[in-house]
Amino acid sequence: MTRQPLFTGVIPPVVTPLTAEGDIDTASLERLVEFLLEGGVDGLFALGSSSETAYLTESQRTRALEVVVKANAGQVPVIAGCIETTTNRVIERANTTRDLGADAVVATAPFYTRTHPAEIERHFRQIAAAAELPVLAYDIPVCVHTKLAGDMLLRLAADGVLAGVKDSSGDDVAFRYLCLGAADLDFAVLTGHEVVVDGMLLGGADGVVPGLGNVDPHGYRRLVDAARAGDWAAARAEQDRLAQLFEIVFAAKDTSGTAAGLGGFKTALMLRGIIATNAVSSPMAALDEEQTAAVARILDRAGLR
Amino acid sequence: MTRQPLFTGVIPPVVTPLTAEGDIDTASLERLVEFLLEGGVDGLFALGSSSETAYLTESQRTRALEVVVKANAGQVPVIAGCIETTTNRVIERANTTRDLGADAVVATAPFYTRTHPAEIERHFRQIAAAAELPVLAYDIPVCVHTKLAGDMLLRLAADGVLAGVKDSSGDDVAFRYLCLGAADLDFAVLTGHEVVVDGMLLGGADGVVPGLGNVDPHGYRRLVDAARAGDWAAARAEQDRLAQLFEIVFAAKDTSGTAAGLGGFKTALMLRGIIATNAVSSPMAALDEEQTAAVARILDRAGLR
Amino acid sequence: MTRQPLFTGVIPPVVTPLTAEGDIDTASLERLVEFLLEGGVDGLFALGSSSETAYLTESQRTRALEVVVKANAGQVPVIAGCIETTTNRVIERANTTRDLGADAVVATAPFYTRTHPAEIERHFRQIAAAAELPVLAYDIPVCVHTKLAGDMLLRLAADGVLAGVKDSSGDDVAFRYLCLGAADLDFAVLTGHEVVVDGMLLGGADGVVPGLGNVDPHGYRRLVDAARAGDWAAARAEQDRLAQLFEIVFAAKDTSGTAAGLGGFKTALMLRGIIATNAVSSPMAALDEEQTAAVARILDRAGLR
Amino acid sequence: MTRQPLFTGVIPPVVTPLTAEGDIDTASLERLVEFLLEGGVDGLFALGSSSETAYLTESQRTRALEVVVKANAGQVPVIAGCIETTTNRVIERANTTRDLGADAVVATAPFYTRTHPAEIERHFRQIAAAAELPVLAYDIPVCVHTKLAGDMLLRLAADGVLAGVKDSSGDDVAFRYLCLGAADLDFAVLTGHEVVVDGMLLGGADGVVPGLGNVDPHGYRRLVDAARAGDWAAARAEQDRLAQLFEIVFAAKDTSGTAAGLGGFKTALMLRGIIATNAVSSPMAALDEEQTAAVARILDRAGLR
């Protein structure tokens, strides 16, 4: 029997372009979705961390997801983050997400509040019972300060509660055991670590959710295709190239990792002509002229301008 | 010149009673507010961590605050948490809070997302510029995983951005420097550490935001009054008694600190006849029969049943 | 029945003066011990964190302890750190410590290696069984990355394993429960937090181990005496003065907390004429001329030059 | 130009067998070294974390290293941990290490004490200046609670200070950048993550320091050989097999990660007949009968008994 996880391949977290006034820039967002689809992505992850979901108001979240769903027009699955502190809030957001036409919801462990393994398991079971859409777990300790236990994830997978996981934990050992444990399950094991995708695919990952995939979807397409073809030398070479491109996230210094990373992606997309501004949400600051020039040099080196 | 911080004394974070179905139990909440006012509190803190604010939907938050404001009927100041991940979301909630009649808003550092000192300072300045109400900072690293820097707080106090801080950081050294630094400022330095209030008041704190104050407001009233009268032996004796009462938060084992602490407070309030159930929000579990009996024994020992 | 813990009052961790070449400066160390005794301290804590014990070779540790014991000449108890990664290493060091004439040994939880509550408890039991001296636990999570559980400490106290604890955990809630739990035990509850001693004594602490006590032992003597006399206003005023003096540890920027804190103490002692240099161990750097001038200003403000 | 790092391939951290009384079991240690050499390892890492170095007294450390050097008889390089809190202590130990005939020393960032990037860099420069042997950095935040910065490591590599790094940080992104940065340097980039070696080698690692390599050196030999031959499917299959074998470290529950991991390795070696007991150092407890049976079943499944 062959595994058939629902979500595989390249599924970038779609950044949310903003106008200088801080509104959703819908024209830029439409262009970005077209660019990603043209680049051959297998899915779109809206309202994730890289989409500034923690910075958007409810109405902005709704607007951003509407635009992504409409621009995608059913070409690939759209999975949507429901990044809320606790269960009932996630469920409320999941209902809106379904109404807006997304194909799956993505939820983290409870955050802000202190939590417990038994509570986390109940959390996912209650969300899945209410959501009427496939649910993916988002394992992102840097944001929620809890690591999702591998045995819990596999138990929830076997019980049909979870359709997959986006792993941004950086725990490569746990990730390997997830891949081994999911070998007989239709459970998508996706890595969020965009600079080690070759090794993760070698170890059994089903796909990748690369923030950098906004900037160079074609590169990740080639990387995944090479891996699927068993051409690991080509996969590694592509990954090495992408790792050098990823240095755009280090252009901004003395700011938050979010502002530097997300700001670097947006600046690169602006320089590539896909989106109109590199504006980011309050209280973050956009990359300045000098930092933008640094991003431009990295794009030039990569042949992307 | 005498300091005149806006908020001083005993300001309990009002727990949010729920029905067995998970709705706001408005009758119980009204009774609780009356009980606290009768107990002599100096203010009410709605929608804080102990109010389960991270577990309530937007409409539940609004309802809970409405009930508190109405039941209080202007007797003491009502300060209200706007616990949101980032700036624009806090501002949106602050506007609702003002419309509902609260007297001040309480905001944390950005959370979920990674942040940076310069972003945190901008965050508070932008909130204060938009809020049309006094703003208190909520320093709670256990929830947001960032400690607010003392020099930033004092700078924002001197600039009229912040009216005070609720310190739940547990950093007693930083707290002492806050007290020293606020000696010439109308800036309320409030501790959230309910079992060391005597020492904090001795060191210069303006007041306390005690979760346990839901259960025994009269005790905190006596403690603060003794300290103000310079009767430190009496203050210590009252604090020792309250520290033993606080053991209700250890009745539940093998659960989250939130479920144990908040669940302990709610169970005690139920046993004292103030609220109808000890229900807590998903994914937490309420204290069971055995744990409830343990809480009852502690109340008995304290003469509170 | 009155408690009679073995170690109470002011017990400074004795810094270890070094020559410019990095050797133990025995003449300076002798002068420091005399200065502390003249200042009225109740005990001396040698080879603690503030003594640079983690930086000294075995022979340097031995030499430093020899000098302290000899200069003290039995006037007050000398307690000595045996700061080693695990049980057998602590025991080996404890044997040397006893041979050198110390009156008690101080040990932390295991560090460097990952550990477990059951292992920590065995660790202290085995040390106490082998040490032939009273054993104090050193609760210092910032160094060993484990918090000692209060119930374990009280169990070990009741079993006669531990004679006391130096608490540098900063967990003021746990500390209060230790004080409450030790109310019927001859177990010394000592705080390492030198800027909140008034509040800690009010809450029941038996004494303090203040790094800053190297610089101003007379101040801590007055603080403890005022507290014992029930003059809490005087205790607070003295503590506020000492908290301002403690700012010498912030004179060095962009360095480790250890280098800034310890370097600040040594610089102040040099400026007060007690020790010859402000040299610190590799890889730390001593305070430079400008930082030394900042320390001098703080000493002047405090009337200590 | 071809890179020629000094240390590559399979370099297991040699566990230190103990007698039931806690002494070094030299006969078992000799058998273990022979077993590893027969298994085709490229080097031996003595006195690392898996060697219980944090648990051994100075004389035990010396004895263990003597036995490894003698049993190895120059067949492969012996690198030896000098796991000490700070610079002078590492240097003192490095001198002993050189006298005992080791080929390189391995040192971590300072631990126990709080440290700083500038201090860490000075630390390694001073060690290298004094050591008279090649120095490898050991990046192990789980033990020392500091991550070594990649740019610092590459700067020290370029300056000839460091001959390599053993990376047990679990930061796969930083590891990839190390591999990219070392592409023109004779700097050995070794991973300590034994269950993801295939992916790490694909990404450019020079070798692996696998604790599990004590139990199955032949497996790691095959894995590295397959990778070098470009047969990534074979490398992955071998790694998957080894990942399942690694489950021996989960046989002990409710104990420290060190006791479970190290105890699992020792128990497997005892069951394979290489060493005499599965004794571990105080305060750890050895695996009991039931846990030993669990390890035996895993060995059976892997065909190693």
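Order of writing sets the chain letters: A, B, C and D. Residues in each chain are counted from 1.
Note that a contact is a pair of C-beta atoms (placed from the backbone, for glycine too) under 8 Å apart; a residue touches a chain by one contact, two chains touch by 3 or more.
This one's a predicted model, so the numbers in the text were calculated from it and none came from an experiment.
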Interface numbering overlap (same over half, different under half) for subunit A and subunit B: same
Interchain centroid distance [CA atoms averaged], subunit A/subunit D, Å: 35
Averaged-CA centre spacing for the pair subunit D and subunit B, given as whole angstrom: 49
Residues within subunit C bordering two or more other chains: none
Chain contact graph, described as a line, ring, star, complete graph or other shape: ring
Touching pairs - complete list by chain label: A-B, A-D, B-C, C-D
Touching residues on subunit C, where the partner in the complex is subunit D: 22, 49, 54-58, 83, 85-89, 92, 110-116, 118-120, 122-123, 126, 142-145, 254-259, 281-285
Subunit B-touching residues of subunit C, taken from the complex the two chains share: 170-173, 175-177, 180, 193, 195-196, 198-200, 202-204, 230, 232-233, 235-236, 239-240, 243-244
